[in-house]
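Two complexes follow with chain A in common, the first pairing it with chain B and the second with chain C.
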Partner chain A sequence: MKKYEMNRWLLILVAVFMITLPTGGFAKVYKLGLSLAITGPTSDAGNPYSKGVEDYFNYVNDTGVLGDDTIDCTIRDDQYKNDITKRNFEEFLDDGIVFYLNYSTGSTLALKKDFEEEKMPVIPASFHAGNLVDSNYIFLPIASYSAQAIGLAEYVVKNNKGDMPKVAMFIHPSAFGRGPLEDVQKAVGAGLQIEIVEVVEHGKDLDNTAMLKRLISKGVRYVISQTVQSPVATMLKDASSLGLIASTFGEEGKLTFLGCHYTGGNDLVALAGDAAENFYWTTSYVITNEPGPGTDAQLALAKRYGRDEKAANSHNYANGMMVAQVATEVIRRAKAKDKEITKETLYQELLGMNGDNAFQPETTVGPVTFSPTDKAGVDTLQLYVVKDGGFQSAGKPFIPEYTAKIK
Partner chain B sequence: MSANRWLSTGNYFTSYKEEQRIFATHLDRSVLLCFLAVLFAWPLLFEVSNKQMFVIDNIMIAMIAVVGLNLVTGFAGLISIGHAAFVGIGAYTIASFARLLGDTHMVLTHGWPALIVLAGFMGALFGAIAGLPAFRLKHLYLAIATLSFQMIFQWTINFMDFFDQGQTISVGRVFWVTGRVGRSDHYLFWYYVILVIIVLVGFGVRNLLRTKYGRCLVAVRDNDRAADAMGMHPGLTKVYAFALAGFLAGVAGALHAYLYRGVGIESFTLHHSINYLAMAIVGGLGTLSGSFWGPLAIKVLDMQVERLSEWTGGHLAVATNLATALKPLSFGLIIVLFLMFEPRGIANWWRIVRSYVKLWPFRY
Partner chain C sequence: MSYFFQLVISGVVVGSIYALSALGFVLIYKSSRVLNIAHGQIIAAGAFITYGLTVWANLPIYLSFVLSMILTFFLAMSVERIFLRRLIGEPIISVIMVTIGLMSILDGLIYLTPFGTENFSFPPFLPVTPIAFFGVSISWTQLVGVIVTFTLIAGFSWFFKKSTVGISMRAVSDDQLASMSIGISVPRVFGLAWAMAGLSAAAAGGIIGNITGLNFDTLHAFGIVVFPVVILGGLDSILGAVVAGIIMGLIQQFASGYLDGNWGLNGTGEVLPYIILLIILLFKPHGLFGIHEIERV
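Let's look at the complex of A and B:
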């Protein structure tokens, strides 16, 4: 009888133990890494970007998007320096990350060999097409700078009145600026009807008067910029004070300014003020000036984690949020297939993200598609223009035609 | 000379030869040998992460470069604001081979010891060329000449397609007798290579300073007219100081290229030249030990400030600009403080500690 009692108590104890055993005991933690410029050059973009990543992963963990599993994404500041990015990446490798988020063009190119060697799936914040050359593991979140610049050039061709449009390219003095220029020149070679009259590699000029006067004297009507916001803002302010900004698209004797992803956004309006009016800008992200599910999602996330208005409305916050969404999605898909979460399985999930499996984050104007031959996520672009101190859509989302022609 | 060569407590030199000994006592030699043994053995005894080893390797490469800078600025008294360009010459020597032959060509992956030496000679050549104005220029004017070399170097790399306009040029993994040095051993392997080079450089420079060539440097620094009157050629001595500095910088550059497995202009800018100068000042100009203390102090300080900046930038959104400014601010402050309160650098603290230990338990 005593033995029976003992067994009964033992059974009860085991049952209680089984019931109270936290299900989280089997929860897994997936390690990711992000190195970017939270301080230093380009931190105006990097700072909201890091917040977008951080907030989305917090949201994933807080709301159980991956069940009991969580994502542990270490975010490190690299001050826009390749040396520090390399050190951060080594730290992440020591930690055993399965997915890496990088930032600048320079560091992405510098670490390309490491990514190949480590077979590490990487999504950088740089959309430089050269990142994809001789690389298997780098995935651009949206259309490349080249596609963006070509898309702007195509828009110029379609909307220009008169002879072949004369265009100047205003670019950053680095691969980030020069790469798209080469591709636009290829598109011209393939039949895109624009004339590139001058290429300006800007320095740290505080005044662009002479350059703008020169462009006008050469008959330039459109300036396509591939750089960051501050030099564009300086140029716009100078153009404004000279009365050279076109009030309508392609106005004769004036300049119409256009720019790729990192030239625009609310920060440009803040920097250039009224001079930003009529600036045309393209990106694959939706912006919070316009209502929609993407805007709602972005603002709700920012509100949930107490971000200020500036960060909440930044397209770079959306940018960071979106790469975190993609990383989460591939983990979710691999988990759904009962696969072990490794670099290799996540890489395969990225490659399979196309067709019916394309991923639609709400913060972009088109679906994210990757395949072994297509490593640029969102192929669709949206043109925005500054009206009354804020960006608003100009036309429908589009895919540049010449991007495929020059491949 | 002291009767006891183990525990000498004063100066008992009876000849110049004795005074020029590398080790004053057997104890000095033994301590250094033990220290070197520890440096060689510790990575085998403790587990070190790749990141930590990467940081250590970086500090050691900076030490080699700063030994060179100390020769030209500390010992010869010539301010060089273009030292990073000489380091870059070494790195781009390796990158040139990578561009010409491919980054995994045998010459690069198997012939790396020869290429490191070659990079040193390229650094020496460009150092000598950049030092030519020393025949006619002195003080600040010469400093500006070195600054212009730095600018020319950066401009050339940034605009030449051959150098990929300053973007990173990859360098393949090297081979050792055990085969290809993979990622797991990469930083440890280069730790030993750099350590061996540091030991050779340390003894080499220490010996150089005992020779007439080394003393020429100091003589020209102290009074070049007096040196001239005594039969030395100040101009040639200065050029040769630049060449020596260039050689060590070139070696450091080659090591940098192999350690990072790539070369980009970003690592050889004016900012880096100022950084090397700061390391030499903080370590102690005109001292060999200062060349080791300076890089260690500045790099460790850099990393701590980076952490603080990261924290500030991440947690105080409004303070991003302040966080960005923390690094240059602390960097400038440390140089000013050292120049004001300890112009002889950390090497002087080291000298004080050694003197204290030497006399202990007596006060004097």
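Let's look at the complex of A and C:
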């Protein structure tokens, strides 16, 4: 009996030793934080975004992308409220995070000073160019909204037939909407050949007839939107009902609608239905309507973690997945150089992500490049257009020319 | 000139939908003097139930629309029974605070479903080509919305003026104690008021959802967007909700059509209704059709 008990204790000791040795001895856990709107306003974007981040970090841990080391990313819902975002960020700091993922334009601008004080590398889901002003630690994952709007305006110039194209800007009544407008106006000042006839800051309109007829009466042929899907969908439905949607790009007497990242995607088609046909949309992400290595990886990841079709095919899922890829990549690179993983080393790895060290996540249409003077990751944009109820590529990826000219 | 008439048509369409959305506030206030802050959430719930019945249960959309109104009728009645019945006789502010809490609960429940964070659209069921006459056009969605709105409003008006239950609801609104003394069940009246508000909210949700698409943020915001309509019309007047709704709709469309884009103005359609509301309230503090009560002591 005594011998049996001794054996049992020996076995338990060996088991405890075996379990604790690898984890306690060598494997490390890197703490990250993400605060975003999983519920509340804009959660139609935030929810799939959070799933993309969560699934990719689970994949990293489950498949040993970082060897025995793992990433522990705490994801918290802030309901699109800046005060909750700030509280979440402060709690993440207490937890000892080395990298932070943020979400909205408002909270990114509000916490900019905190990021500077903490010297915390941050990637938000907001592509607002103003995030980068007086900031060293914020990195946009893709081209800014300003670059997107300028890119759309350049496409209009190149494909318009006739006189100087007359354009209206349909924007969200916030910094998110207004920021790109100022940069498009700067581009016009620098020689971009469009005339901005009117700027419409939308509300919660049930009927846009007056606005659409007014734009037509002023000779407007293109409407560039920088907002979210819902108001664009209502506008497209009204334009469709009035027979004002151009069937070919720039059709005379009709309106051709274009929009930046958060105006488009499958959600727009879900909201606007057939009225979304011929809507032009730009983003730096690949979309699952057009299979490739990046979309295959996206769909496989979503399938692996049991996501439904809607989340799997969302460009916001790709968006979340991509920022998690970037965060993982900087950790991997720092590890490969035997550096200790701290916010400072990860910051340095981000700054060095250029030239031969550019990162190709394949969920985007171009490489991710950062440097001390370039904090926008993917500079390349792709134009998509809705045909037969789904977005498809229109032309090849491009980099807006006037973005550099107005710097 | 056709531009002017187009704006009139658009204004009436938008205004009548405002009126229908505002009706729920009025029905509850008319009988119980309570402002239901969670009305926007009930509008959204009605729209989502219609969608669920149409797309997931494969019912014809017209039937789904009616069923959704019936379901929301009972949903709202249950809400009153569970959360508000115990507060009869308590200060009004307590009841309003409960409706704020109710708003959070309904928000949370809807966020647990796909409707909280995803976008949907009703399957097309009306002709796409709008009806056009003399250069003025109106979409079938808008036309059906207006017809449903005015039918419901006429029904509610008749109900309150002619039916025994409707008259007893008005009596409760005037004086609860006196109503009880002649045998009217005040709790039953409150339950019915909530139920009818739920019914009108479901109708409003279905119509708004068909116009904007089904997005929770957009739908529940209408609970707040129509607030000026309720105040302008007078909190306890169905006719007031209709008139104020159409006034607001017309002001929005005319401001957007004639002011926006000129003289550096923008977004006047959003602001002008509030300015006019303030001006009218200066002269008619109880709204256009609100009852001005005089207490003699």
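In this text, the second predicted complex is superposed on the first by the 382 of 407 C-alpha atoms of A that agree within 3 Å, B and C clash if a C-alpha of one lies under 4 Å from a C-alpha of the other, contacts with A are read in each partner's own complex, and residues count from 1 in each chain.
In this section, contacts are C-beta pairs under 8 Å (C-beta built on N, C-alpha and C of every residue); 3 or more make two chains touch, one makes a residue touch a chain.
Being a predicted model, the structure only gives us computed values, none of them experimental.
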Following the overlay on chain A, give me a clash-or-fit verdict for chain B and chain C.
-> clash
Once the shared chain is lined up, is A:Glu182 touching chain B (first), chain C (second), both, or neither of them?
-> neither
Kindly classify A:Asn47 by the partners it touches after superposition: chain B alone (first), chain C alone (second), both, or neither?
-> both
Figure out whether A:Glu344 sits in contact with chain B (first) or chain C (second), or with both, or with neither.
-> neither
Looking at the overlay, what does A:Pro173 touch: chain B (first), chain C (second), both, or neither?
-> both
With the two complexes superposed on chain A, say which partner A:Asp274 touches: chain B (first), chain C (second), both, or neither.
-> second
After lining up the shared chain so the two structures overlap, which partner does A:Ile38 touch, if you call chain B first and chain C second: first, second, both or neither?
-> both
Contacts of A:Asp374 with chain B and chain C, given as first, second, both or neither | neither
Considering only touches as defined above, state whether A:Leu242 meets chain B (first), chain C (second), both or neither.
-> second
Shared contact residues on chain A - chain B and chain C | 38-40, 43-44, 47, 173, 310
Where on chain C is chain A touching in the complex?
-> 3, 6-7, 10, 13-14, 17, 107-108, 111, 114, 116-121, 124, 128, 130, 137, 139, 141-142, 208, 211-215, 217-218, 221-222, 225, 252-254, 256-257, 260-261, 266-267, 269-270
Where on chain B is chain A touching in the complex?
-> 49-51, 54-55, 58, 158, 165-168, 170, 183, 187, 260-262, 264, 266-267, 306, 309-310, 312-314, 317, 320, 323-324, 326-327
Contacts from chain A onto chain B in the complex sit at residues 38-40, 43-44, 47, 50-51, 75-77, 79, 81-84, 86-87, 90-91, 93-94, 106, 109-110, 112-114, 117-118, 173-175, 178, 308, 310-311
Chain A residues touching chain C in their complex are 38-44, 46-47, 173, 198-201, 203-207, 209-211, 213-214, 217-218, 229-230, 233-234, 237-238, 240-243, 267, 270-274, 310
